[in-house]
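In the two complexes below, chain A is the common chain; its partner is chain B in one and chain C in the other.
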Partner chain A sequence: MVMDEGPLEGSVTKRFLYVNRRAPYGTIYALESLEVVLIGAAFEQEVTLAFLDDGVFQLTKGQDTGAIGVKNFSPAYRALGDYDVTNFYVEAESLGERGLTLDDLQQITYEDEDDDWKEKPSIRVVSRRELAAIMAEQDVILSF
Partner chain B sequence: MSAVKLGVVITGGPYTRQASDTAYQFVKAALEKGHEIFRVFFYNDGVNVGTRLTVPPQDDRNIQKNWSELAERHKLDLVVCVAAAQRRGILDKDEAGRQGKDGDNIAPGFRISGLGQMIEAGIVADRLVIFGD
Partner chain C sequence: MPTLHMVNKSPFEDNALQSCLGHVLKGDAVLLIEDGVYGALAGSAVAGMLGQQNGAVSLYALGPDLAARGLSEKPLLGGVDVIDYGGFVDLVTTLDRSQSWL
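So, the complex of A and B:
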């Protein structure tokens, strides 16, 4: 199965999943994943973010990096709704294994243009099994 | 099996990780089988493949040279992410001039461009294959 040659960009919409598995600091993966998401948002694809393993720490609230001399980029997740990135799936098992609940995460919302711009939560906690099903539906998976 | 258009992303750093070696073997094998390589995109520490200043021991492979030669032979599009490259000191002449640096180090056959090139590869290719950890 080969796709036709032609002006594909813009005419094709694919499902992109960004899988975030590492703690926000200690390695650069979380930041460089976020940078891809921000650039990728301009391409008008279907974008989904998954947070699992230590990746769930990326969304925790009250991050303070002052003592390690590294930029705190966690506020940027709250801006993603403005770029139509509104599907954040957080794996329940990963939260539980780390003693975290939804209350430990930042409130990330978006305004639903199909529902009178009502403010809605972007984060959904899903089971490992549900996340596997979400992964199976994707066209492109980038894991960081 | 009919030919497939492939996009390749390399996120693992050279020598520290096998990712860029495995990707090289994969791309070579795919080309031999008649598949198309739409683009090879270097991200995270993968951008370090794109410096021509590495000097690995002579009895070992030279990852950058392998890629540069393969690119020349098959007219491959090797793209290094500009943001990741700037952090890690990978510069072409233009970028070195813009940033006021005294030299550039981009290897033959590589070009520096934005992350959009990776997204485009994901959209245009039949499959986007990622090599990293």
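So, the complex of A and C:
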């Protein structure tokens, strides 16, 4: 299959929200979410990621899985900008409940093609109320 | 643009219902299915969570899942409507989107 620039002919673009509510290594949810995010991006959908509850642990910096024998997939989040996945919404209340701040998360950036390829942060910390409003703007919500 | 929120975990083992109720908007619907139906019981330790919705959202529990768990005759929280699979389909098709709180 030849992938052209721009949406595939006759295709429909929808707003997809991926809701991440689980910590990364205890279950397979987080990794599966990442895989499906890439599928959504490959099909040139409007992809948004939400991290709430234990899902905020997916983005912590300094993850080192060497001694537990599973792949550390946290660097993959930093590559999502290259697939036009640039909207990471992290819920403030979930961070606070877990004693975390934005500084505990890895830096994820993208290059804004509409602004001279300036490097910009992909992560935005939002309130629970703001996140509820973001959820209500979506066409499709996928939960992990 | 209301959303159908579905919860399939018992509120006594998991925070899915709590998190769901923290993100519902006025006019949304919350449907309890599978082990989620335990959250519909009247007089439980979590009854207050659903009770606080005060009619801002519509509350439903799936009858077949209540029956399977021997809960058909148990009193449910006020405001919870018991629906069957047909009612489930109606909700999915009537509201604008569905969100599963897994």
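Convention: the second predicted complex is superposed on the first by the 133 of 144 C-alpha atoms of A that agree within 3 Å, B and C clash if a C-alpha of one lies under 4 Å from a C-alpha of the other, contacts with A are read in each partner's own complex, and residues count from 1 in each chain.
To be clear about the criterion, a contact is a pair of C-beta atoms (placed from the backbone, for glycine too) under 8 Å apart; a residue touches a chain by one contact, two chains touch by 3 or more.
Small disclaimer: the values here were computed from a predicted structure and weren't measured.
In the superposition on chain A, A:R21 contacts chain C only, with no contact to chain B. When both complexes are overlaid on chain A, the residue A:A136 reaches chain C alone and has no touch with chain B. Once the two complexes are overlaid on the shared chain, A:E32 sits against chain B while remaining clear of chain C. Once chain A of one complex is fitted onto chain A of the other, the partner contacts of A:L52 are limited to chain C, with no touch recorded for chain B.
Ranking chain B and chain C by residues of chain A touched puts B first.
In the superposed pair of complexes, A:G40 makes contact with chain B only, with no contact to chain C.
By the touch criterion stated above, A:A67 is placed in contact with neither chain B nor chain C.
By the touch criterion defined above, A:R128 lies against chain C but remains apart from chain B after alignment on the C-alpha atoms of chain A.
Comparing the two interfaces of chain A, the one with chain B and the one with chain C have residues 29, 139-141, 143-144 in common.
Taken together, the chain A residues at the contact with chain C in this complex read 19, 21, 29, 52-53, 93, 128, 131-133, 135-141, 143-144. Residues 2-5, 9, 11, 43-44, 83-84, 87, 114-116, 118-120, 122-124, 126, 128, 130, 132 of chain B touch chain A in their complex.
Those residues of chain C whose C-beta lies close enough to touch chain A in the complex are 1, 3, 15-16, 19, 22-25, 97-102.
Interface of chain A with chain B (complex): residues 1-3, 8-9, 12, 14, 16, 28-29, 32, 35-36, 39-40, 42-43, 45, 139-144.
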